[in-house]
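Listed next: structures, encoded as C-alpha cells.
Same chain, two partners: chain A is paired with chain B first, then with chain C.
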Partner chain A sequence: MELGKVWNDVFDRVKTWARVNSPWVLHFNSGSCNGCDIEILATLTPRYDVERFGVKLEGSPRHADVLICTGPVTLQARDRLLRVYEQMPEPKFVIAVGSCAISGGAFQGCYNVVGHVDEVIPVDIYVPGCPPRPEAIIDGVAKLLGKLQTPAAARPVEETVI
Partner chain B sequence: MSTDGSLSGKRFIVPIGPQHPALKEPGHFSFTVDGEVVTDASVRLGYAHRGIEKATESRNWTQSLYLLERICGICSHVHALAYCLGVEKLAGVEVPPRAQAIRVLVAELERIHSHFLWLGVAAHEAGFDTLFMYTWRDRETVMDILETLTGNRVNYSANVLGGVKFDVMPEIGDTIRRGLEFLEGRTHHYLEVVTTDQVFLQRTRGVGVMSLEQAETLGVVGPTARASGVIRDIRVEAPYAAYADYPVQPVLAEAGDLEARFIVRIKELFESYRIIRQILDTLPVGELQTRMPRRVKAGETVSRVEAPRGELFYFIKSNGTDNPERVKVRTPTLCNMASVLVTAVGHQLADMPMILAGIDPCFSCNDRTVVVADAGGAAYNWEQIRHYGIAFYQGK
Partner chain C sequence: MDVLRTLFTLMIFPGGLFILFNGMVYEWADRKLVARLQNRVGPRWFQPLADMLKLLAKEEVVPASVDARLFIGLPVIALAGVLTAALYLPIAGLPPAYSFPGDLIVTVYMLSLLTLCTGIAGANTNNRFSLVGATRTLTQLFSYEAPFMLAMLGPAVAAGSWQIDEVMGYAAEHPVILMQPVGFVIALIGLMGKLEMRPFDAPEAETEIVAGAMTEYSGRGLALFYLGRYVELIAGLTLVAAFYLGGIQNPLDYFVKTLALLLVLVGLQTLMTRLRIDQTVGLWWRYGTLLVLLQWFVTLLLRS
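What follows is the complex of A and B.
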C-alpha cells in the first residue's frame, strides 16, 4: 500500500517534469481575423523561438497538452471548439490569445458570434492585445509553465462527454 | 459529384478540417480519392464567418473602419484602404497627395510582409521547413519597419477617413531603405532557391497547372491569375490612391503551375521595393488629413484595390446618416477558391496542401455572407436568415 503511494508520487512528479519541459500546443482558430494566428506562428520562428522552452506545435488534439485559442467563437466553430477540447487528454490547459478570445473584442454583437472563449471552455491564461505581441504570447506560455509546476494546478479530471 | 472509375468500385472521401495540421485556419475540404489520386473535391467554408458586414450597419462610419480592418489580420491595411477610398468618394472629400502616397507605402510594405508570410507557409506545406524558418526570420525586418512606422505589427490602423494618421519622417525613411536593402538580397536568394532546388521543384513544377483559359473562366485574381498569364492587377488597370503617380509593372508568368506562382510572388517583391524607394524619394509635401463630415451624403459606390492576394472589392451604400446602410465585401480568396477544386482533380492527395497554399488562401477574409434562397426561390431577409442559421446549428 505504502509502496503504491510512493510509486504514484514519483510517477506524478515525472509526469509534471515532462509536461513542464515539453508542452505540446494545439492551435485552434474559432473565427479570428488571422492577426493573432500569424503572431502565434511568429513565436515559433527564429526570432522568438518558443521551441527553446520545449514548446511544440502539434496537429492532433489527442497529443496536445495546451490549447491556444484565438478569435471570438462563431456559431459554426463552437461545436468544433468543444469537440477539440474534449478530445484532448487530461490534464489540459487553455490559453486565450487576443482581445477577441478574451471578450469578443471588435466583434461583440455580431450576429454569428456566440461569445468569447471562456463562455465555451474553461481558460487558464489570458493574453490581451489586438493582436498581442509575440513576446506577450511567450510570457503567457511561460506563466502557464510556472503554473504547471504544481500538480495541484491541474483541474480535477472531469467526466468527459465524448 | 463525379462518378468514379476506381478499380474496386468504392469511393473514399477524405475529410480535411476544420481543424487540421495542414490548415492554419478553419475550412473543411472533402477529397474523393481513388487510391492516392483525387477525383473530386468540395469545400465548405464559413467557420470564421462573424457577420461583420451586418455589424457595420450598427456602427458609425469611423467605428466601421476599425471593424473592417479586422476582417483580416494579414491584409488589414487594404481593407481599411478600400473602405476609406469608397467613403471619401461618397462624401466628395479630396485626400491630400501626401496621405495618398503614405497609403501606398504602407500597402506595399504590407504586400512584402504578406508575400514573405506566404512563402514561408507554402514552403512549410511542401515540407521545406528550413525555408519557412528563414523567410519568417527575414519577415521580421519588415514587421519592424511597420512597427516603427505605425506603432503596431499587425492591424496598423494607418488610415483614417480623409487621410492617414502618421507622417513619414526622414529618419524612418533611412530605416526603411536599410531594411529593404537587406530584404532585396534575401529575395534574390529565395528566387534562386525556388527555381533551382531539385527536391522543391518536384513539389511545384507542373503541379496544379491552370491554363490561361481556365484562369479566365474561373475568374481567378491576383498573383494566382498572373501566374497563368492573365494581366489582372487593379494597381495597373484602375490606379487608386497614389498608384497613378507610382506606376506598377505587373509581373507575369506563363506556366500556371505552382512554381510560376512562387516566381510571380517573389518577383512582385522587387516591384514593391522599387515603389517604396520611389515614394520615399519623391514624397509630396502637404497635409496628412482633410476634414471628414460626420454624415456621408446618400449614394452608393464601388471601390476596388489590389490586396496581396488579388482584387478586393467593396460596395458601400449610404443613406445620409452617420452609419453605413450597406457594406459588401468580396475578397480575393473567394474568387480563387474554385480554382483549387478544379486543379486538385488528378493530383495526389499529398499535393493538396500545396495546391491550396498556392492561392494563398485566407479564410477569415473569405467567410462572407451569400444570399440564401429556399427551395421555392424566395430570398430570406436578414432576420429570417439569422433564425434559420441558429436553428440549423442548434438542431445539429
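What follows is the complex of A and C.
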C-alpha cells in the first residue's frame, strides 16, 4: 500500500515537472483591436526568446496546453472560442491578456459583445494592460507555472456548458 | 540467457531506451544550435524530455470522424518501424545488433514507414488541414524517396554488397565522400526531406496548414510520432555517416561524425526558407534524381 502511494507521488511529481517545463501555447483573438496580439507576437520574438522556458507557439488546439486569449468576446467569436477551448486536451489552462479580455475594456456594453473572456470559459491568469508589455505576458505565464506547482492547482476537470 | 540478451537489445541498448534518449539529446542539440544561430538562448537541455513526458501524461482526444483503431495504431507502427531500422545500424559505434545480406533495403524502407504512417494518419481524419498535410507528406515522400534510396545504394554498389556492415567496412578503406560527392549531398538533403526540416517543411507548415497531418493528434499519439522523428534523426545521421564519412568504428567516431553532420543540417535549416511543395518535387525530380543516376552510371562504369 505504502509503495503504491509513493509511486503515485513520484508519478505526480514527474507529471507536474514536465507540465511546468513545457507549456505549449495557442493564441486566440476573440475580438481584440490587435494591440495585445502584436505584443504577444513581440513576446515570441528572439529578443524575449520564450523557448528558454519551453514555451512553444502551436497552431493546433489539440497540441496546446495554454490558451492565450485577447480581446472582449464578440457574439460571433463566442462559439469559436468555446470550440477551440473544447478541442484542447486536458489539462488545459487559460490566460486572459489585456484589459478587454479581463473586463471588456473599451468595448464594454457594445451591442455585438458578449463580455469578457471569463464569462465564456474559465480563466486561470489575468494579465492587465492596454496592451500589456511582453515582460508582463511572460510574467503571467510564469505565474501560471508557479500556480501549477502548488497542490491546490490540481484544478478539478470542469465541464463547460455550451 | 538468449531471451534476456534479445530483450536487452530490443528494450535498452541499442533498440529502446538508449536510442530514444539519444534522439532527444540530438533534438535538443538541433534546437539549441538553431537558436544560437538566430541570436537566441535556446531551450534547456531537458526540453525534449519534458515535452515528451508532458504529452504522454496528457489526454488523448480521439475525434468522432476517424477510424479509432487506425488513429491509435498508426503512431505505434511508425515508432516501431524506425526502432526496427535502428537495430540494423551501428548505433553508438558498436556493430549492428542484427545483420543479414540485404538489410540496407529493409532499413531504408523501415525509415520511410514513419512518413507513410504520418500520411495515412492525416488522411484518416476529416480535418481539412490534416488532409492537405497528408497530401503534401505523401507527395514529398514520393519526391525524395527515390533519390535518397539511390544515394544510399551508391556506396553499396561500389562495395558490391547490400549489407550495411560490409558497406561500412568498404567505406572505412575508401574515401567514399570524394568518390561520390553528389551522392553525399543528395543523401544529406534527402535526410532533411525525410525529417521535414526547414526547406522541406511544407507538409507541416504551421503558418499555413496548422500542423499538417498531425493537426488532430494530441497527447500520446503526438508524442509517439515525435519520438519516431527523433529516432529517425539518429538513424538517418548514422546511416549517412557510416556510408559516406568513412564508417563508424567506435563510440567517439560515432558522436563526432553524427554531430558534425547535424551541424551541417542546422546550418542549412537556418539559411533556407520553406520551399513550396511543387518546388520540392521539381528540385528532386529535375535535379536530384538525374544527378544521382548519372553518378550511379559513372560508379558502375568505373567498377567494371
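The working rule: the second predicted complex is superposed on the first by the 149 of 162 C-alpha atoms of A that agree within 3 Å, B and C clash if a C-alpha of one lies under 4 Å from a C-alpha of the other, contacts with A are read in each partner's own complex, and residues count from 1 in each chain.
The criterion applied here is as follows: a residue touches a chain if its C-beta (ideal position, glycine included) is under 8 Å from a C-beta of that chain, and two chains touch if they have at least 3 such contacts.
Predicted model, so just to flag it, every value in this text is computed and none were measured.
*Asks:* Examine A:K5 and indicate which partner it touches, taking first as chain B and second as chain C; both and neither are also allowed.
*Replies:* It touches nothing on chain B or chain C.
*Asks:* Thinking of the overlay built on chain A, is A:S60 touched by chain B (first), by chain C (second), by both, or by neither?
*Replies:* both
*Asks:* Tell me which of chain B and chain C touches more residues of chain A.
*Replies:* Here the partner covering more residues of chain A is B.
*Asks:* For A:E51, using the defined touch cut-off, is the partner it touches chain B, chain C, both, or neither? Pick first, second, both or neither.
*Replies:* second
*Asks:* Show me the chain A residues, by the header's touch rule, that chain B contacts in one structure and chain C contacts in the other.
*Replies:* Touching chain B and chain C on chain A: residues 46, 58-60.
*Asks:* List the residues on chain B that touch chain A in their complex, please.
*Replies:* For chain B paired with chain A, touching residues are 18-22, 24-26, 46-52, 54-55, 58, 66-67, 70-74, 76, 117, 120-121, 132-134, 136-137, 140, 143, 153-155, 362, 364-365, 386, 389-390, 393, 396.
*Asks:* Under the stated contact criterion, what part of chain A meets chain B in this complex?
*Replies:* These residues of chain A touch chain B: 26-39, 41-42, 45-47, 58-61, 71-72, 74-80, 84, 105-107, 109-113, 130-131, 133.
*Asks:* Provide the residue numbers of chain A that touch chain C in the complex, in ascending order.
*Replies:* The touching residues are 14-15, 17-19, 21-22, 24, 46, 49, 51-52, 54, 58-60, 62-63, 65, 87, 89-91.
*Asks:* In the complex of these two chains, what residues of chain C are touching chain A?
*Replies:* 31, 35, 38-44, 46-47, 49-54, 57-61, 129, 206-207, 210-211, 214-219, 222
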